[in-house]
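Labels run A, B, C and D following the written order; every chain starts at residue 1.
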Amino acid sequence: MVEIVFLAPLIAGFLVFFMPKSLGRQLLVGTGAVHLLLSLILWQTKPSALLGEYFAVTPEGMLSLLVISLLFFLISIYTVSYLKESNLQSETMFTGFMLLFLSTMTMVTLSDHLMVLWIAIEATTLASAPLIYTYRSSASLEATWKYVIICSVGIAMALLGSVFITLSMDVAGLDSALSFSALTQVAEKMDPLWLKVGFVFILVGYGTKMGLAPMHTWLPDAHSEAPSPASALLSGVLLNCAYLGIFKINKIMHAAGLADFSGTILMVFGLMSILAAATFILKQNEYKRMLAYSSIENMGIIAFGTGIGGIGIYGAVICMIHHSLIKSSLFLSSGNILLGYGNRLIENTGDMVKRMPKTFVAFFSGFAGIAGFPPLGIFIGELFIIVGAFRAGHYLFAGIFIFTLCVIFAGFANQVMKMSFNSSSEQAGEFKEKASMVWPQYILLLTSLVLCFFMPDTLYQTIVDAVTAIGGGLK
Amino acid sequence: MSQFFLAVITILCGGLFSLVLTGNKTLSRSIGVILISAGSLWGLLSSATSLMTGGEGVAAFSFLNVFEFVFRMDGLSAFFLMAIFLVCLVAAIYSYHYMDGHGSALGTAANYFFFSVLAASMALVVTAGNMISFLISWEIMSLSSFFLVIYNYQSEESRKAGFMYFVFSHVGVVFLFAGFGLMYGVTGTFGFDAAGAMPEGIKLAVFILTFIGFGSKAGVFPFHVWLPHAHPAAPSHISAVMSGCMIKTGIYGIFRVYTLLGLTTPAAGYLVLIAGIVSGILGVAYALGQNDIKRMLAYSSIENIGIILIGTGVGMTGVATGNSLMAALGFAGGMLHVLNHAVFKSLLFMGAGMVLHKTGTRSIDALGGLLKSMKITGTAFIVGSLAISGLPPFNGFVSEFFIYLGSFNGVGLSGGALVAGLCAIVSLAVIGGLALACFTKIIGIAFQGEPRTDAAVDKNEKGATMLLSMVALALACAVIGIFPAAFLNMALMAVGSLGLNMADIPLAPFGELTSNITFGAFIFLVLFILVAGIRALAYRGKPLAKSGTWGCGFTQPTVKMQYTGASYSGSILELFGPAVPVAEDHPPIQGRFPEKTYYKSQVNDVAEEQMNRRVVNPVLFFFDRLRWIQHGDTHLYIGYILLAIVLLLFFV
Amino acid sequence: MESILLWLAAILIAPFFSALILKVKAFFGGKKGPPLLINYYTLIKLFKKGSVYSNSTTFVFKLGPIVSCCTALTVLLFLPIAGFDPVFSFKGDVILVLYLLGLGRFFTIAAAMDTASPFEGMGAAREAYFPILCEAAMFMILIFFYRITGMVQLSAFFAGAGTAGLWQAAGAPLIFIVIALFIILLTENSRVPVDDPATHLELTMIHEVMVLDHSGPDFALIELGSFCKLFFYSAIISRLAFPFDTGIAGYNLGIFALVTGCVYLVVGVTESVIARYRMDKVPQFVLTSFALAFFATIITMEFIK
Amino acid sequence: MILHPVDTLLSLVLLSILFSYGAGRVPILIKLLAFQGIVVSLVPLFTGHDMEGGSTVFTIITLAIRGIIIPLSIHLAIKKVAIQRELSAIVGYKASIICGLVLIVAATAISSHLNLAAVSNFRLLFPAAISLLVTGMFLLMARRNAIAMVIGYIMMENGIYLMGSTFSVRARHIVEFGILLDVLAGVMIMAIILQNIKQTFDDVDTAHLRTLKE
């Protein structure tokens, strides 16, 4: 009975539309809790789905699902007090679509069917579009427009790619179900040409959603215009869902013995994304956009690691998990900053360490984590990716990778230090840091910290199962 | 090993408690001081004993299910641990009175917290036994020290310093990533043990990459740019720790990687030697040019790193040429200088801290005559200066003495070793002379003569713990200088644990050498007492008049007429020409009734300027050119998607 | 035992030799000049006097003369005089000796800076500057000696048959070395053309201006120290100039005294015939000594094969 | 071979595509869209793969959505928005038509190169599908008017459907229905956004929508 996990939030979401604000908030948190519980149960007792043809419990899916529901629960707690602070006129819409968004993303993680995966991912776009338009400003309208049109076009490409994959089976005269498990069985018999074409289209399609350069163009606008909890969800989980699509298709490529082809493409896209991120982080003047670009960077890192193969993929998955944890905490903190300074521009913030110390701790340690400082986990991921790159002999790529990371770090550090330590320009009213608006971040960061040093065996085993499916490993 | 971990944990507890007890400022401060110093003392004793007994320990913790944290204590680690714990101990004690009045309660507590983390992480760095544990400890060290650098973040200057330090340490660690990555690429394991089996070319590449990484932490010349900004910005006891032992972790890294790789090619030795010579000479030249007392000390740290590297380079050349005596002398000298520099540099920084704490200025041209009001500080500072100038009978001389002898051994050989030894000796001589000039400058301008501004007029030197720690260190300088035997043995234990591929070190000459140094020191002291006695006799029952300084006929001398730092060092700096550019600002005096004029001069760091010109600006330019891609036009954004597909289809 | 006696003798005779210089200069000036024992008179006179101390000074000021004098004395202990073994000698003692001289310089400078006098500061700056180059040259010479003898020890160079050995091993380059040493002598002891002790203009002095404020026994100690220092270098040069061993101690001593006297005379002649250089020319002058030593070393690489 | 209804339909589609390049006014585009939708959803009936009951029902639904509902919703959107009917083009119309010709020819050439005879024996199928796709892309990139962009998106979807509808290996109808729903919902949302754009800028020219950059 797997489907309940995404049906529950779906129903809850529709209910919220017809509810008063306060009840809606409670339902939001409640659903978050229930969802977390359900996915934990799912994690323990890996049941089979009713519609086994379409849905299945896969290790990579479970990883993302767990991350999603943990994040959503914490974010929902934050959201309640965030909504209290900033009174939106369309709050029920917001909460409702949050839940729908959750359900669609859950569907992505559970779907095991070429087409159903596409349906789910497209659905995430549709469910999250209203979240971006929450503020009803012209800027947010533009962001929403770009988000919907670019992502839809991109994902249409993914659909075409899926069609091509069926074609590749057709050409080879195969007839099998379109579930990934079945496809990986017959992968090596498929027609390689059309398989490659299909991969290219799907990579570009889902890559658009994942934020790989040069298809990343929608991402900074959407992330910066959405309310911070929504940004946290977008950046923390939605991107992972898109990555999940690429991951699954890469599984087929690996099974078909085309891993080199897909790997090279992934590495190139990864590097391009990192370069793009560096370009715009260096002189960024809005902190939310900066965080968005840093998400692009991290997606690039993940793609790069996935392309390397071997220990790189392990590192990529670790990066994915920790990026979700840390980046969402960063976005939540940025929500506090926005409420505190009432301003998106970096030069109008400042002296955070004095004015909102709790947020400062969360924000700065989040930054350190994203920048790859231990004891937060991305450090481990990046280490594995770099050594993996050297292991695989991609010296040039590794060099570019390392160099760009340095540039990004310099830019990021510069901005964050401005925000934290520069004397604040305007004396806005003192911002009261509620516990419920800092503890979610702390918990997220703590989780990342713990996972950096100690991982439950079941989690570790799941990761290993996931990465071995696409030729990853620890050597 | 358990001893060691307990010590580290104690230190960490100090930081944590002082953070927890923020409410009561004095309490949090004292608990921090007590626990940190206690832990450091414990660690000092345990490492010293393990060094004496040659005890080695290994501790491995499982990490992420399949990997492991390995911590290994051998002679090398123990020796560096001694230096680290010693400096941390003294610095902690010193900080008790230094930190009073400084900043808010929370700030002070945070300072102690990061101080403890820094101390602990340094200890872990020098005991780390595989890549993962090393890198993690290393990064935590950088992070904590960054927070200490921006301790007083209100000042633009220290923010800039913090940023520079942050970026440099990251770039440095990235080079380490590359080096270790290369190592992993060949060996396929995070352990260090397999490194020795790699092909020579890879070894050299790894060594160079890691050398850059470690060099940027140690302050080797072209990569030192952050150092003269960061050390002055930090509170003085932190400067002492950073300059005294944190930058030594870079040296440790070089030693460690060198031994792991078991390099035999002389190229590595020459590389280190050249780096050492350059940092040594330019470091001290720049130090001579500074007027900010702490910047001066920071640059002199670069110089001493240079000396250490010269010793190391000589040793490596010795290994490469199979001259085990040269190797032993060079390494022993370098190793001993690590300890010595830790001692006298932290002493000097503490002295500077006292001056800063009381006068509130770091510019020596604003000071003068402090020796009268700050007798103990001044004396300690003079002792430190003598030691750092490598003059007998203090500890600086001992290490340089061994490096000299090692280099002379090289001169005895032919070819590369000869050139190496020759360069080492001459540059050491020049460095010695310059260091003397540099530190007579600080003492002469800041501590002697008459106060140049009110900042230096009738100050006191209250603060028992500060005085205590300075006196202790000054004594240490003298003791190591006069009785170097025990300390040299420690250094030799450390060298012995390098496991160099050469005939075991001939220990016989060392005992003789140290006894000779002691002997020489005693002769000097005896004669000193003799002469002093004669002088006393000569003065017995004579009138000692007091009067003004002889103004050479000029009757109205003012304090403004005293020689300034800039004029003291000006003529020497001309010797270095474009390598040490002096920027002068001096409107000419003209007209019958000339305007009131002034003279400003400052030494700009060539490396910093070149780095900005050749690295930073091009990078910024490159990325600026890329900015157009995000122009905001949806049509072209969709075009990108199409473009990506079309391009990829070519590769299908 | 006799080495200690020699040491005392050297200390006692050093002032006499310095007087020679004065005599020569007077001769060239067409004057009668002071008596040869003038320096003894001066020292005794100074020891009888009391002292005046500047209000600016501290204990460092009093420490200066003591240290500079006693370093000079210590240095003499390691010097083989007339080819006899020195009082003390061990491997690497040269390095100790050179650094002891450095110690002396440190305190002379410190004492000068202690007086807050601009002139003395000026002198101190120069005193700190020129010896940097001298030390480089000195170590270069040591390298040369090491190439030949394989030792870093004064007694190995200047005691017994050591010096003669040097000449046999590398005669020609050794001449360079002697010249280099002479230049160093002039610089280290602040003689013309580096410095003019007899000038009346403080602005142009180096060593003399630094001791302006010292008086009485303090000044006597300084003077004694500088006499010994000068003797140290001259003794080395004279030993190099006459490396032979007649076999009879008395003759050796006599000849040594004679040659040393000649060295002083040469110094005197130089002072009389050369004008002092401009301050910014001095470094080049000192660097020539380094260059000479360097060439000598390079040449030896051909000899030692 | 004899003139097969599919090929006839497809040739008509190609014609409509050519028109849509030249179409200067939104309503024409919408009509073309509707026509293409109907044709595209009819094709599977004739491709002669498994024709059980479910599929016919499904075909009807597809036809309803692709051919009627979607165009209608766009049409209503325009009505609500009541914009000027002229399309402002980045690429001029004559140029567009030439582009269209070139693209169609190119599409035919490409599909003739790919030996897909094994898959389907309708020569015009691939050219039609690909040129639908390309046309959609073209409209998306070459028309400043937001509505035209939406229409372009739908054309792409039609093309993809046409492409997919011919293979023997096909997802279950339920899945394809899901896809259809997604497209529908997407179009709906786009329509809503169109209205909002109109309200904010009282115009649907995307020139207003390029303030967010870098």
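FYI, contacts are C-beta pairs under 8 Å (C-beta built on N, C-alpha and C of every residue); 3 or more make two chains touch, one makes a residue touch a chain.
Keep in mind that what you see is a predicted model, and the values were worked out from it rather than measured.
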So which one's got more C-beta contacts, B-D or A-B?
A-B
Which whole number of Å gives the spacing of the CA centres of chain B and chain D?
70
Between chain A and chain B, tell me the centre distance in angstrom, where each centre is the average of that chain's C-alpha atoms.
43
Calculate how many whole Å lie between the centre of chain A and the centre of chain C, each centre taken as the average of the chain's C-alpha atoms.
78
Between chain B and chain C, what's the gap in Å when you average each chain's C-alpha atoms?
36
Touching two or more other chains - residue numbers and ranges from chain A:
145-146, 149, 153, 220, 280
In chain D, which residues are in touch with two or more of the other chains?
137, 140, 149, 206, 209-212, 214
Any chance you could list the residues of chain B touching two or more other chains?
627, 630, 634, 638
According to the definition already given, which pairs of chains are in contact?
A-B, A-D, B-C, B-D
Footprint of chain D on chain A - complex, ascending:
53-54, 113-116, 118-119, 122-123, 125-126, 129-130, 133, 138-139, 141-146, 148-149, 152-153, 156, 159-160, 163, 166-167, 169-171, 173-176, 178, 220-221, 224-225, 280, 284
Across the complex, what residues on chain B touch chain A?
63-66, 106, 131-132, 135-136, 139-140, 142-143, 150, 153-154, 159, 162-163, 166-167, 170-171, 174, 177-178, 180-182, 184-185, 188, 190, 619-620, 623-624, 626-627, 629-630, 634, 637-638, 640-641, 643-645, 648-649, 651-652
As the complex stands, chain D meets chain B at residues 90, 137, 140-142, 144, 149, 206, 209-214
State the interface residues of chain B toward chain D in the complex, per the touch definition above.
627, 630-636, 638-639, 642
Where on chain B does chain C make contact in their complex?
368-369, 371-372, 378, 382, 386, 389-392, 397, 401, 404-405, 408, 411-412, 414, 418, 421-422, 425-426, 428-430, 432-434, 436-437, 440-441, 443-445, 448-450, 509, 512-513, 516-517, 519-520, 523-524, 527-528, 530-532, 534-535, 538-539, 542-552, 557, 559, 561-563, 567-572, 574-575
